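Both of the next two complexes hold subunit A, though its partner changes from subunit B to subunit C.
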Partner chain A sequence: MTVSELDFSEYKYLSVFSSGHVVSSSMSFGNGFQGKAFLVFPPEQAKLLVTACVGEPVLPVENENIICLVDTDLDILREIGNLIINAIIGEFGNLLNIRVEYSLPEIELISLSETQKILLENDIYILVLHTSFTLSKTRITGAVLIALSLNSVSLLLEKVNELSEDLNG
Partner chain B sequence: MDSLLSQVLDQVNIGTIVVDQNLDIVIWNTWLEQFTHILKEQSIGQKIKTICPRFGDKIFHEILHKALFFGQKRFCSGALHHNFVLPSKKTNDDMIRQNMQIGPVYYNEHTYALIQIMDVTSHLSRVYQLKNVIKTLEAENEHIKISEGIYKRQALHDCLTKLPNRTLLGEQLNLAISYAQRNAELLAVLFLDLDEFKQVNDNFGHPYGDELLRSVSERLQSCIRKSDLLSRLGGDEFIIVLSQIKTKQDVSIIAEKVIRAFEHPFKIFDQAVYISISIGISLYPSDTQDPEDLIKKADTAMYRRKKSRKKSFLFFDGEWDLDPRSEID
Partner chain C sequence: MKILVVDDSNFVRSLVGKALQINIPNLELLMANNGVEGYNLYRTEKPDLIIMDLLMPEMNGWELLKLIREVDSSIKIIVFSADVQRATRDEIEIFGITSFIHKPFNKEKSEQLINIVKGEFGA
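Then we have the complex of A and B:
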């Protein structure tokens, strides 16, 4: 997985997706470091990912209007989201030396405007990592969106300053 | 209270296992007893991988470790992993599908891992059936689309020669006129009619005539550019629309080429057949700007040509009577 861009509240993540629906696998986390993380894919990318995971031949989606995601596909996406978000948030926990509590992942098929509404209410700070990764020679693109509480942002900034001081002596 | 919780745990419709940090089983509920035929007394205190061998796999061992020591929760789908706990009696294991959730539980300063097994075999079976239905519908939809394409093609093409018919000619001529208008170019409509074709049908029969028409259409096609349009109106009448024409002379050159192409015989059922063709020509925009009118004027020119001298072409003249069948000199 490559982290290609870091974006603080400029809403550039909107450009990752065209209008319409996106598939979101999300997890809340708390206990000192608090927020909610989303792994978001356009449906055609989600379908490619599922197909690659179950070992079926990955063919380009011919008609993007007919993308059929059934329950089993959503379960697989939920698990993938769980795996990736656990890894990312776990690293934050390691960095801050905090034991993070995790929720179980939720999977949703939502419109982009709904995502925006959910993420932006109450002036939540959002850390956006535009990501892409290669799986079975298939390039999949999506985004990891991490919404953090103000306290958690402060904790992160303090830690960054600490590291910076250590590095600069 | 413990007894109440224990009763509740035994009545839930999911498999519930709790293991401690040594991965020894602490709780094994009734659902699991019924599913695996392994009793509580046989499982509690045993290593989980002894009772459920899949937890000996590295992936599940790591998941348990992360739940116990890092507080992580994990969802594992039956669609990917198939199953985690199997019945002791040999059954068709491959049919069993289970989802699993693993998470930490903290009690009396100890950390435990709670494993929940949900049987989703029948649910996933319905999903796979639904997937198959969707695939069948998609295949049928594709078949309908192909059929529609064939019907559309049949509706717009002549079944004998496969050339565009009068309907498609009308559409294509409109487009060609628009193109010529935008680019300030000439456009020519050539009305072609085989000379004495009726005699071929009368002397040799209709199958012979049909074969000749097919050969004629191929030869006409070889005389024109890809950007030009050849269409069969019916009987022995054809239309050629020449686009992107600079001068009237260019049209004459192509018409001459077509006439000369008919100097060689056609080989029909191993027999050489000689037939000639007469051509009437109208021009856009000098003769008219109306597509129907262009065809009508080319027809008039062709009719006049045929009456006076076959095997040649004639441009429409604005001085003529428009009715192609009217008396001519």
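Then we have the complex of A and C:
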């Protein structure tokens, strides 16, 4: 994984991708800690990830313009999104001592130009944390985007200050 | 022995089902896609054990667990979820579950599940 970055308006995460579309597995979360998290891959990388998950050899996609994701693939991508997003957001819940509640994972094929609009929908998401990763042995690359509400950012900052005060006596 | 697996992911149901079929003799496996289907199968089939996810459409695992516990305090239930929050586990354990296993379902979790089933039922 790369070191995560904060992104207020520059949308630097877009540089991770070269193609015009990405496959997004996303979950909204709330109950004291509110926002939306996205696990995104270029379509050909999503297909490779599914192949790896079902235990088949991961071979480079011959024609990146012809990627067909069937229901089984979408089911696996939805479950991968569920696992990764729960692992990340769940630790925020543990840190803040609250139980974050999740929506069902959603799979979408979205245009990169639409991601700004999606991240900022409802006007509640003011901070985007993003990181990219490469799975060892497979060269599968993707990104995690977490959009947080103002209240959630405040909660995190309060907690960080509290921890800092505890450490410093 | 009758085991009901309730999970909205066909991929997960298939993985869990295969592990059980390979390791548990005389198994009758039941599969449900959500809490509603799971509850209906629980009422009609009376399984010995239910393995359930928490985040599901129609009726989630919390609601399913509550409904079952209102009428049956003894059936063994294993929660199998991606939720890593301590608060979730604490609240779920109030319902008297047999075990809480975190996804993903890998070799280690498969062995954990099979050991629990064999331990509980002497299978």
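Definition applied: the second predicted complex is superposed on the first by the 142 of 169 C-alpha atoms of A that agree within 3 Å, B and C clash if a C-alpha of one lies under 4 Å from a C-alpha of the other, contacts with A are read in each partner's own complex, and residues count from 1 in each chain.
As a working rule, a residue touches a chain if its C-beta (ideal position, glycine included) is under 8 Å from a C-beta of that chain, and two chains touch if they have at least 3 such contacts.
Note that the structure is predicted; figures quoted are calculated from it, not measured.
Would you mind checking whether subunit B and subunit C clash or fit side by side on subunit A after the superposition?
On the shared subunit A, the partners clash.
Once the shared chain is lined up, is A:V160 touching subunit B (first), subunit C (second), both, or neither of them?
Neither partner.
A:C68 contacts which: subunit B (first), subunit C (second), both, neither?
In the superposition, A:C68 touches subunit B alone.
Thinking of the overlay built on chain A, is A:L150 touched by subunit B (first), by subunit C (second), by both, or by neither?
neither
After superposition on the shared chain, which partner residues are touched by A:L109: those of subunit B (first), subunit C (second), both, or neither?
So A:L109 meets neither subunit B nor subunit C here.
Is there a shared patch on subunit A that both subunit B and subunit C touch, and which residues make it up?
53, 72, 75-76, 78-79, 82-83, 86, 90, 93, 99-100, 102, 104-105
How about subunit C: which of its residues touch subunit A in the complex?
Of all residues in subunit C, those touching subunit A are 8-12, 55-57, 81-88, 91, 103-104.
Within the complex, which stretch of subunit A touches subunit C?
53, 72, 75-76, 78-79, 82-83, 86-87, 90-91, 93-94, 97-100, 102, 104-105
Quick one: which bits of subunit A touch subunit B in the complex? Just the residue numbers, please.
Spelled out, the residues of subunit A in touch with subunit B are 53-54, 66, 68, 70-73, 75-76, 78-79, 82-83, 86, 90, 93, 99-105.
Please output the residues of subunit B touching subunit A within their complex, sorted ascending.
66, 70-80, 99, 101, 103, 123-124, 127-128, 130-131, 134, 138
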